[in-house]
Structures are given as structure tokens and as C-alpha cells.
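Order as written gives the chain letters A, B, C, D, E, F, G and H; numbering starts at 1 within each chain.
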Amino acid sequence: GEFAKIDHHRQLRTGFPEVIWGSGKTTEQIAAIIQAMRQKASVVMATRIEQDVAEQLQAEIDGLVYYPLARICALSTSETIVTHPGIISILTAGTADLPVAEEAAITAQLCGFKVKRLWDIGVAGIHRLLSHRQVIYEANVLIVVAGMEGALPSVVAGMADCPVIGVPTSIGYGTSFGGVAPLLTMLNSCATGIGVVNIDNGFGAAMLAGQILRTASKLSKN
Amino acid sequence: GEFAKIDHHRQLRTGFPEVIWGSGKTTEQIAAIIQAMRQKASVVMATRIEQDVAEQLQAEIDGLVYYPLARICALSTSETIVTHPGIISILTAGTADLPVAEEAAITAQLCGFKVKRLWDIGVAGIHRLLSHRQVIYEANVLIVVAGMEGALPSVVAGMADCPVIGVPTSIGYGTSFGGVAPLLTMLNSCATGIGVVNIDNGFGAAMLAGQILRTASKLSKN
Amino acid sequence: GEFAKIDHHRQLRTGFPEVIWGSGKTTEQIAAIIQAMRQKASVVMATRIEQDVAEQLQAEIDGLVYYPLARICALSTSETIVTHPGIISILTAGTADLPVAEEAAITAQLCGFKVKRLWDIGVAGIHRLLSHRQVIYEANVLIVVAGMEGALPSVVAGMADCPVIGVPTSIGYGTSFGGVAPLLTMLNSCATGIGVVNIDNGFGAAMLAGQILRTASKLSKN
Amino acid sequence: GEFAKIDHHRQLRTGFPEVIWGSGKTTEQIAAIIQAMRQKASVVMATRIEQDVAEQLQAEIDGLVYYPLARICALSTSETIVTHPGIISILTAGTADLPVAEEAAITAQLCGFKVKRLWDIGVAGIHRLLSHRQVIYEANVLIVVAGMEGALPSVVAGMADCPVIGVPTSIGYGTSFGGVAPLLTMLNSCATGIGVVNIDNGFGAAMLAGQILRTASKLSKN
Amino acid sequence: GEFAKIDHHRQLRTGFPEVIWGSGKTTEQIAAIIQAMRQKASVVMATRIEQDVAEQLQAEIDGLVYYPLARICALSTSETIVTHPGIISILTAGTADLPVAEEAAITAQLCGFKVKRLWDIGVAGIHRLLSHRQVIYEANVLIVVAGMEGALPSVVAGMADCPVIGVPTSIGYGTSFGGVAPLLTMLNSCATGIGVVNIDNGFGAAMLAGQILRTASKLSKN
Amino acid sequence: GEFAKIDHHRQLRTGFPEVIWGSGKTTEQIAAIIQAMRQKASVVMATRIEQDVAEQLQAEIDGLVYYPLARICALSTSETIVTHPGIISILTAGTADLPVAEEAAITAQLCGFKVKRLWDIGVAGIHRLLSHRQVIYEANVLIVVAGMEGALPSVVAGMADCPVIGVPTSIGYGTSFGGVAPLLTMLNSCATGIGVVNIDNGFGAAMLAGQILRTASKLSKN
Amino acid sequence: GEFAKIDHHRQLRTGFPEVIWGSGKTTEQIAAIIQAMRQKASVVMATRIEQDVAEQLQAEIDGLVYYPLARICALSTSETIVTHPGIISILTAGTADLPVAEEAAITAQLCGFKVKRLWDIGVAGIHRLLSHRQVIYEANVLIVVAGMEGALPSVVAGMADCPVIGVPTSIGYGTSFGGVAPLLTMLNSCATGIGVVNIDNGFGAAMLAGQILRTASKLSKN
Amino acid sequence: GEFAKIDHHRQLRTGFPEVIWGSGKTTEQIAAIIQAMRQKASVVMATRIEQDVAEQLQAEIDGLVYYPLARICALSTSETIVTHPGIISILTAGTADLPVAEEAAITAQLCGFKVKRLWDIGVAGIHRLLSHRQVIYEANVLIVVAGMEGALPSVVAGMADCPVIGVPTSIGYGTSFGGVAPLLTMLNSCATGIGVVNIDNGFGAAMLAGQILRTASKLSKN
């Protein structure tokens, strides 16, 4: 019964290494997994790491970087080196959605993708979105992060000619039910071309965006 | 235990007479209530009346008009006579939302209000809405009817300078959960100035819109 | 990716400036947005501000007023200056609903509306409501705030001849499910003329009430 | 594995015989159980019997009476013979709640209790309730049947000095969720002295009311 | 807008005075309401009072008694004086249900009723219940308190010839969903004679039990 | 894209062949799968087959037997040949639970297990259960089928010294929510030794019971 | 108020024309929209068209093709002409998921994409999936359609190095809650690279897959 | 009203003694129950005991052992003494599921069963599971513990020829809804032979596994 079986083979199979999900693991477990993975993986990263856990990990592991807004720890400087073609543009409806959007942004950058950020352009002031439409037109994949009623992906997907990844957030209160309201909005969108991920799952959105760009690269090589 | 106690006094108290809700009543009960109300009320109407029930009622009650799309029966020609100032504009996101929107429109017209209709301008093609923005600017109250993700009221309320009444519809499937998805969207709207009514409740939306315009009239007389 | 795009244009479009929603924002973000808005808006306010955050904001921003019961920070003395005609009467079912009701009251006052308050007149002692019926008759808009079973708006709307805004609160336990019970009550009301807002959304209720009174002003000018 | 084990002993233990619940049983099973019970029980009754099933049962079983509104079949004329002291008053909020109320009324009468009926006095016209308050004062137990928002038991319990049994009905649409809305209303009532039964469970309400009056008889004999 | 309108008249109407619900009120508000009520009511009590709040209240209010397990504060020694005929027997399924059961027990005693207690006789060891069946037979009303699957009221109601009040508790985890599981169990009971109250609502159960015994007394006097 | 890939290998791996789930398949698809499987499997069976579909299948497939109460079609006479040691006893709470119980019984018999049936011994008359306790003591596995509040498995598991499989049924109405109420009851049982299967899943219960007896056989051979 | 505002511009903006959603529209409305669109769009198609509606439409509209399993009507022979590079592979867990999978397949083919189909390879017989792994390796986008527990996308995404689109279906019963169970499974997948669409939304999955392949084309042109 | 009625008789009836559920009990209550049970039971254990409570209990009770990961206190060294034939193999999908798995493992060991542990073999890397298939083949009962999407039991049950007990955990976020997602997955499994227990109920899984192995012993003695 050893506590973790690292999937070293995943990068070969899927193009991306396993990533450590910090929730529900002890600091010791996280540290041990990072040490074991650094032997084999091009990038080692852990999500959902709070500030105090990060500090304990950094004390123990050389070169570990912490991204506080994204709550990510990583052993990699690849963030600045773009190794895949294409642009992932990340949009948020509000300011409070930033942590989720940054989880997506840092994940994508650590995996070698180019990221553009556009925050706080929710549909209550539709001109904000329209005046930034260039960002939408230039993107190859769009990650749209929204809490409360989560209507932004619908409007964006109606304007974009690339895939849209909807990320509902738990930002809101009362009948937002911890992100269920924006989740349902995104799943029921009358616009097409939207794939939805779990509430607050910025990481998963980045992985899907990366997978889309990788498929594009491979196809273009044929 | 007589089966219905008509609230003849309601018009005096609230400005609007009681309206018969057709669901769950026998045709005989509906007919009897209409006959009893016609003595006293300026307009007598019943909602949620299916075609076959309407025909039975018409066979029995002189002058009863049926509006099939709205599923309303009424004893009144006041539909054409506008007796209150102000415009109620009714918008739908899709074509399938029409029955609910017509329930609102006919109710408002029967109660003496001026109604404008604008159908199928959902947010997946935001230019459709923008190119009809004049309808929004001219309205004194907006009733916005939407199923699926129900994002239209948010965008409209961000453009309008009058109250917006959101009516979620049961149009959709899967995770629309019979209208719960658009209901949550409307309740969580990050735009302000929206009041929400029950799923498919076109009637209630018209009543609230009417109450808003009546208050406006009264205030303007002071 | 700057963290906030203030919608300076909103007041022109909708009659009301953007209001800062304090939840999920850092104190630094809130302070920066307040400073940016004070240049342009007639009233600057932030809701959902806890006592300790308010104190930090006040240390940094001159003239910032804090309303602890309503949990609102504002840069404005307009509270005392009524600039719009009409009366918004705010009722609560119980004493524990006060914070939500005060959020509505302070918001409305800061936006220049006249407010009357009537607390703790829930339906379990219906005579309490009947003996204050004058408040209902004098109102131009009613905001009715209730938790637990949330039956007060139904009874009030059956007595009033003006629009009623129902605000469900999260006051209760067990099957109140954080305000779902009173929300459903208000949405299913057999009385007409009720628009419902999100659970605990005193702010949104005030905005809708304000929009209703502004429509009245505009109509009376035609 | 015989298909039914009749609880002939129940009347001795609890004061009331077993009652056949018609749903999910074949007509043959219902007929056989009625025949087996008629040997031993003072009153034999089956609930949830549709018209066509009733007719088949009547063709086979002598003296079987059918109450169509209540959807009850019974072998008993005790309906007219009151054998227990006290009055059970049954109220409904609307006309559409009658079938559930009649299930309660017929059950109670068949078990030998005196019943008063008062239909359609919902809270949207509170004067209807107030003008019939004598019915509330004279009752020893109140059964209050309501769909939609289900607020009637709260108001009644605030006026009555006897136990109130709340029966939510599935009458309504959209967010009534098949009776969940009035159920939650009744469970969260801020008035006291209310016991709630399952949605549409008129039968169970009558049984509880009967048990309450039997307790009264027993106490008075001590 | 004074913060509380005490319903001094309630005892006359319903037989029981208003009781203060401690949740969501400040200590100052609770203290002020207690002082105002002590002028007029025979018993003054507040529920849902935590230890530290109780101590502050006791420092300020002479003679205030605190029942820590029941979390009730009261101005009354009537607990020991039984003024109504009949026995309320209170049963729990497990040890962890005690706080809710004691809320019921102390409330009933403060209102002048005789209470018997029987703890931890859940259905997983049915012999425990059977060997205490005398408690069930002697009761005039039964309050049955159960969390987890909440099956105890069904079994008890099948043995008892008096009304049973089911009180679901939030004791449990996972799919108990904070008491929803036992609530549904009690509402769906195939045994009859059960009225259900809100999750953890020991107070409401006692009030209903009291109302039942009061009705019994009144009837027996006729 | 051939429409079905039969898992001929399953019997080798798990001890039981694949079984055809009739829902959502056309009659042609079911017939084709039966024909393909009869080449290789010891028993071929299909569940959830309505009467009319069964008749069409029988017209086409030689020797196909239909069990109407269980809604099962099978190619096998093994029902009468017991090939595994041990007894599976199947209990129901009510008469209306029979179809689910028979689905379990026929499945188990077709797979070569000995079955005992005991119907209609729900907890509202606990003596019915106690007087049949011998059935519980003789069983090696118990399948307990219950709708409404679903309390029977808890009581049975407290008496049995063998595994109990709880099968919630959709029998009930209102707050039974199509079987959710008994499902939650069984999952939250304070008795131990209960494994739960999907609502109305008599088939799955039989498979689990069979797997338990097969493991027992294998163990006893070591 | 004309009943539909066709978004003729959508193909220019998003690469795909508007598609008619057949639910909730009258046959006349659908026919009229098809006629209006055929002037301008390269492919005209309507989803959710039942057999009888299709026949009425075909009687009126020349050249209209109907795909009964997919429930799609279309004016186009482009199905056979592949105009975009890349392969969309569509997998189902079971046979009953075919209609949803075919909705995806026909939509993709009508829009000019190459489709591979692989039906009935659910996880209960994991060897079926493993023995077809070549299909997974050759795909550029995978659409994985599954009802019941919906685990297939998780396993597939762990093997694939391209994006996976998860489509939950309403196939199942009891706790599948009309597709909620597989939806949650897909949203919570511990495998990465999965985007989820609404329950039964084969159409939306095809649109997202198409958008992904179009992005690839565009990227390769840069 | 003594606070606990220990079911000393349970071991005789069911083969296993009562086990103390630590939640919702005071430390004094737990200590007293342990002392009372140690007189009579072969093993005394309490679950859901946090570190600090364990330390208080150990200070008071001689020989009490604490298993921190499993959160179990026990008076027994039987952990090392296997008294029943057969192997219970416990698998987890992830590292974060360990506490629940250990609750199962320690419970089973304390009751005299042989346990094998296999952690972190979730379906996103299916080869991990396949390369440990020997563990599955050697088991007599499998306990499969999984959070997030909870797909592991389906895949395992398709490979195993023994009963599988599915234990959903609350590990996950957003739409895992505290373990509801894996619970539904397990209940809807298209693999057979799975019995499900409550979310996080490692204890209950061990008890069911034990009951299965005991049945095997008994059968082999016949």
C-alpha cells in the first residue's frame, strides 16, 4: 500500500505529465510526489496549494516557484518559453474570478503555451466586450471564466470562430449555489462550440485548451 | 364548502381583478367562475386553457374569446383599447418561447396596456439585439422571456433604463431542468433592475408590468 | 489583463452607476476601484464589506462612510437628499432579516430615494400587518424581506396596489436550505405583482425599486 | 410468497385499521385484499382508485361505494355516523386543491369523525380568511391544504388555538416542483403548532387528525 | 422601524406566548426583547442560545435560567409545575440526537406539560424498542427524534395509538444531507398518524404536542 | 460501427454472462443480440421487456420464455435447477414492490440460485416481520426491497447475521421523489452490513447476491 | 413581432450556420425557417425532428433528407463530401446511446467532417476498449457518448492525446436522474482534456469538434 | 432517560458488536460507552475520533489504541490476529481517499479479517490498474474507494469474480457535491456485483465485507 502510484507514462500517452492535485494530501505526501516526479517529467506542478503549504514545500524543495493568485507550485521556468503554436486567450466576467483564471493561465504557460489575459468584461456592460473584440478574433482557443449567472461564454461563442471552454466559478451567493448557476448556463448555451469543465477548474480548462492546440499542431504537420 | 370564493374586492385593493388559473379545475368549475365574475369585473379572463376546454367553454358562454397561442380565454374586447400610459415591450430569446410571451402580451392588452413584441433575439447573435436596441430604449417596462440558458435579461438590463421583468421558460432539455437553468441565470444576474417571476409565468410578468405602470401614473398625478 | 474594467458609462445607459460588490475582491482591489470611480460617478458605493475591511478602507480613503448593519461603504452624503419622487417602503418578516433590509434601505437612500422602514411584521401574527396597513397603502414600491417560509410578500401583494419586490433571506435552518424555501414561496405566490430577486439581495431589490420610480418620473414628463 | 400480509391487528394497536393504498397494485390484488379485510375490519377502504378501476371493483364487490373527487372506494356507511367527539375543519387555499382535501374529508368521515369544509380562502385575499375566522375558532383540529406557495397554514396557525396539519399539494407549476415549494413553506413556518404530511397526502392528514381526537377522548376518560 | 414587534396577543389567540428564536439576533436585541416580554407573558424563553451568549444575557437579566444541552434561556420556574393533563413522551434513535430532544423536552416542561424521556432506542436493535414499549403505550403524544435514516417514527407509529410527531435531525454525514434523509423517511412513512416538523426543530415539536394536549383538555371539558 | 459488441468473455472473468438491458434498444436490436449470445452463453436473458415487445421477440426466437411480473425474457430452463449452494431470501415491504422483487428472484433463479420469497412485511406492522424471523435466520444473503420510506433493510439488518442488499423502489409519491427517499434511508442506515443498489434495480441485487454466494463457495473449497 | 430572426451572419462570424432546433416549434414555423435559410446557407439542417414532423416537412420542401436515428432533417448532400482535414471519432458506451451519437455523427458529416463510429465499448468490459485502441490513437478529436454512470470519457481521455468531448445521455433509470449521473462523472473526471456538453447534446458535441478541427486548419495556414 | 442503550446483544444477532460512532457525542459520553462495552464485547472501537478527543480518551482509558489516519480508537490487539478465512482487498482511486480506506482497513483488521491495500490506481491511467490485476484476482471481497468521478468500482467489477463494495468519498470539489458524483456513478454502474455504502463510510464497507466472509464460513460448514 504505498500512498501514490505516479503515472510517469502519462506524458507519452496524452502529451501532458500528471499534475499533483494538492487538496486532501498532506504536505509530506506532496513533497514526496514532487521529488519523485522531478526525476522524470519536463514540468512538475501542484495545484490548490495554499500560501502556508507552499512555504513549507519551498523550504524543502530547491527551485520551487509559487504563484499565489493561481495557488500553483511548480518546478519549471518554462513559463516564459512558448513551445507550441497558437494563442490561448483567457477572459473573465468579473474581478473576483481572477484566481480561477490565473490557475488556467499559469498552467497553460507552464506547459509551453502562449496566453493572453482579459479581465472583467461581463455582459452587464456589453460594450466592454465589444470594444475588446479583437482579443476574441485573434484567439485560437478561448477560455471564458464566469461566476454569478455565467452568461459570458454564450455571448463570446456567438462572436468567435474558435473553440470556447467555459469555466463556471463559485463566485456569487444565494442561488448561485456554489457555481451551479453558471455551470447550467454554460451547459444550456444556445451558442455552439462550447465545452464545459468543472466549477473553478481553471487547470482542466488549460489542459483542454492545450490538447486542442496540440491536435492542431499535429494535424498541420500531416 | 362551495368550491370557489371569488375575490371580487381584489380590483379595488390592487387595481386588477382576480384572474382564473385554469389548471387543476374542471371545465364546469371554470365556466361557473366566469359566469359569476362577469357580473362584477371589468375584464374576466382565464389562463392555461387548452384548445378543447376552450371550445367547451365557448359553447356555453356568450362572447368568450380564445387566444390559442397564449392559451387564454377572455370576456372582453378591451384588448384594443389602451387605457394606461406607457409601453410594455416583450422580448423573447427564441421562437419556442412564444407561448409564454403571448400569455404576457394578451394579459397586458386585456388589462389596457400598450404592448410591443420582439421575438427571437437571443444572445448567441448579439448583433440581433443591438440592431433592435431602439425597442429597448422606447420601453417603459421590459418583459424578457428566455429558456435554455436564459442570458437575455442580463444583457438587456445592462442596456435599458427601465425595469426588466425576467421570465424563465421551460424550453430546453437535459440540464435546463424544466426552466431551472434560466431561472437561476436571471436571479444571479450581475446586471441590476431585474425582477424575476416563476418559470413560464407570462401572466405574472404582465401583472407586475401593469402594476409598475399604474404606480407611474399615480405618481405622475401627484 | 488589468484586474477591473469599470463601467463608467453605466449611469448614462441605465440611470445608476456601477456598484462595487465586495465579495471575492482583495481590499487593495476595492480601494483602487473606489479611487478610480470617485472621479466620475455621483455616488460611489461598495456592498458586502465586513467591519475590518471597512476600517482598512477608511484609513486609506477620505470621507468614506461605513454602514455596519447594511455592510455598505460609500462616498456620498446624498443619503439625506431625496432627489426622486415616490416612496419605497421596506418591510421585514422578522428581526433577523434586518441586515438584508438595511442593505436595501441604504442603497436606495444613497441613490436619492425616500425610504420608509417597517420591521418584524411576519404572518404568524397577521394583526401586526393589518394594523400597519397604512404603510402599505402609502407606498409606491414595496420591498418585502423575509426568510424562513417567506410568506409575507404574498399577503402584502394581496393588499397593495403597487409593485412588490420579494427578497428571500437565508435566515432559517434545516429545510430553509439557505433561503431556497422563501425563494420558492415568493416565486409561486398566488398573489400577483411580485418580482423576486436573489436570496439576501437587498441591493438588487433597491435597484429594481429605483428603476421603477425612475420610470414613473420619466412617464410623467411625457 | 403470498402477495399481501394484511395487518388485521392494526386497529387494536393504533385505533385505525389498515387502509389499502391503490397505487401500484393490480385490480385483482385490490379486490382480493378488500374481500379479505371485510371479514375483520369495521371499515374497509382503498385510496388512489381511479374511476375505471373503481368500476371494475364495484362490479365484483357488493356494496362498494366510490367517492370520485376523493378517489376513494369504501365498504361502509359509517360516513354519516359520527362516533368520536370533536370537529375536524378542512380548509383549502384554492379550488384546484379539492381532490386532496376531499381525500382527507372522506377518510375522516369514514372513520367516524365530524368534518367541516371551507374551500378557496388563500392568502392573496386575506379578508376571505378573516371573514371565515369562526370556522377556525370552532375547530378542534385543522387540516389546511395548499399548493403553489402554501402559505395558508402559517396564517391559520397564527390565529388558531388547536393543532394544524399542513398538507402541501402538487398544484402549481415551474418552481412549485410538484409540491416541494408548499412543503418547504409549511416545514419552515414561523407559526407554531403545525405538523406536516407528505405532498397530496390527504389520507395521512385525516389519520393524524383522527389520532389527535382519539387522544382527546382517552384523556377525558382518565 | 423599531427592530421587533412583539406579538403580546399571541397567547390569547393560540394558547402559547411568542418565543424568541435566538439565531440571527444580536445579544442586545435578545436582551431587549426578553425585558419587554417579561412584563406580559407567563413564560419568557429564547431558543438557539449558545453558552457565551447565555452568560452575557444572565449578567444582564435577573433570574434567567440556562439549559445548556437544550440551548434554551428562560425566565420561569414553571418547568417543575405541570399545569396540563397528559404525557408527552420523547424518544431518540441515538445519543447524538439529545440536543434536539432536550430542546423539545425543556420547551414542553416550561409550558407546563409532563414529559418522559427515552434515549437511544434506534431500529438497528429493535428489541431495545420492544422492551420499552410500555413508554409508548402510556404516552398521549409521542415526539420521536431521529437522524441518519430516521426510521424510528415509522416503527413507533405502527405500535402507538396516539399522535406521533417526527423530528428529523441533522445528525449523520454524506447522504444524510444535513437531515434531508430522515425528513424524507418521516414524510413517506407507511405508518399513519405522523406529523413532521423541520429538521432539528425540537421546539416546534413541543409546541405541536402542547397544542394537541390543550385541544384534548378543551374537548374533554365540553 | 456495428451496434453491439457482446462481452462474450464476461462469464469467464466475472462468473456471470452479460445480460441484455432492454430499455432504449429497438426490438430488432434485442432480437439480434439474443441470437448472437445464444451461441456462447449458458443463460441468455433480457430485462425491462414490456409485454408487447416480449410477444414480438417470442414470435421470432424459439424457446424464449417471458416472466411478465419480472418483465424478463430468457432462453433457459435452468430456473428450476439449483447449481449453487446457499439461499437468497427476498423480502418486500409492500405489495406494490413485487415487480422489482420478482426481477431479482427470476434473475437469481435463472443463474442457478435457490430463492425464498416473503412479500409485504413492512415496518408499520413490525409483528409481521418478527413472526417471519425464521426466514431471516435461514438466509445466506437477504435482498430487501422497499419503496416509500424504505426502512425495512435497517430493521432486517439489525436482526440478520448475513449480508443484506437494499433495493429502493420508485413506489410512493410526493417526497418519495421516484425512490430517492428509500435510497437515502438505506444509505444512511444505522444498522451495518447493508449494500445498496440503484432504485428499482432488482437485477443488480440478484447479481450481487449471486457473487456473494459464489465467493462463499470458492472460499469453502479452499 | 415576426416569429424568427435568422442569424444569417453566423457562418461568417463563427464558421458554422445557424441550425434549427426543432423542439417547441410548430411544423409551419420549421418549414418557413428552412425555406428562408436555404437562400443563404451552405447547409440547412434541423435537429430534434420526430418521424411524423419529418414527413410533413418532406411533403412541403423539395430535397429534404431525413436521418431517423439521428432525428435530423437536412437540405444538403455534403454528408459525403469531406471538406475539412482531421478525423472525429465517435464512441458510445452502450447500444442505447446510438441516437445521441448519430445526432453528432450526421451533424459533423453534414458540416464536412470525416467521422469514424465505434459503438458499445463501455468500461464494464475494459478489454473491448483496449482492443479498439487504434481508433483512439488515430482520432484528432474524440466524442465519447455515455449514459448510466458515464465513465467511458475518463478512461478514454487517459489513453488519448487529443481533445475529448464528453456527451452524457439520459439513458439509465433511477439515480441516473435523466443523465445527471453521467454528466457529473464527466465534469469530475480525474483525466484531463475533457470538455462536456449538455445531456443528449450530440449536436453541440459535433459543433465543438468541428470548431476544434477548423482551428487546426487555420493554425496550419499561419 | 439515560443517554445510551448499548446493544450488547448485537454480536449474538449479527456477528459483530455495536461500534461507537464518535460524531455528535461528547468525550464524556464516548468514554462512558467504551467503559460499559469493554465488560462484554470482544472488540470495542469508536470511529470518527479526532486527534484531540483521542488523547483525552487515552488519558482516561487504559490500553486504548488510536489509529490517526483511520480516526479510530480501539481496545483490542486483535488487529494482528486473523480469525476469519478470506481476503478483503481495499483499493483507492487516489491518494486523498486514504483516510476512508484506512477506516475500512482498520475496522476489518480489528474484527479479525485479513486485509490487502492498494492505493492510487484510478482510471485516468488504466495501466496502473491492469498491472495490479493480480490483487483483484486474489481477493474474496473488494472494497473500492473513490472520490471525484468514482469510476474505479465499475472497471474493477468488470474484471473481478467476487463482490465489490463501492465507497464514494467526499474528495473533489465543485460538482462532486461532497461525494454525490461518485455515489451516483457507483449506483448507476453498468458492471454488476457492486453494493454501495454511504459517502466516506469506510466503516460500513468493512462491516459488509466482513458479513460476506462470515457467510462464506457458515456455508462451508453446512
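Just so we're on the same page, a residue touches a chain if its C-beta (ideal position, glycine included) is under 8 Å from a C-beta of that chain, and two chains touch if they have at least 3 such contacts.
Keep in mind the model is a prediction, meaning the values are calculated, not measured.
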item: Graph distance between subunit E and subunit F, where chains that touch are linked; value: 1
item: Chain at maximum distance from subunit C, centres defined as averaged CA atoms; value: F
item: Approximate Å spacing (C-alpha centroids) for the pair subunit C, subunit D; value: 43
item: Distance between chain centroids, defined by C-alpha means - subunit B, subunit F (Å); value: 50
item: Sequence positions of subunit G contacting 2 or more other chains; value: 10, 21, 94, 124-125, 157-159, 174-176, 180, 183, 187-188, 192, 198
item: Each pair of chains that touches, named by its two labels; value: A-B, A-C, A-G, A-H, B-C, B-D, B-G, C-D, C-E, D-E, D-F, E-F, E-H, F-G, F-H, G-H
item: Subunit H-touching residues of subunit A, taken from the complex the two chains share; value: 1-5, 7, 9-10, 18, 21, 23-25, 29, 33, 168, 170, 178-180, 183, 198-201
item: Touch list for subunit D against partner subunit B, complex; value: 94-98, 116-121, 124-125, 127-128, 147, 171, 173-176
item: Complex interface listing, subunit H residues touching subunit G; value: 93-94, 122-126, 130, 148-151, 154-155, 157-159, 172, 174-177, 180-182, 184-192
item: Of all residues in subunit D, those that touch subunit E in their complex; value: 10, 13-16, 19, 21, 85-86, 140-141, 157-165, 183, 187-188, 192-198, 203-204, 207-208, 210-220, 222
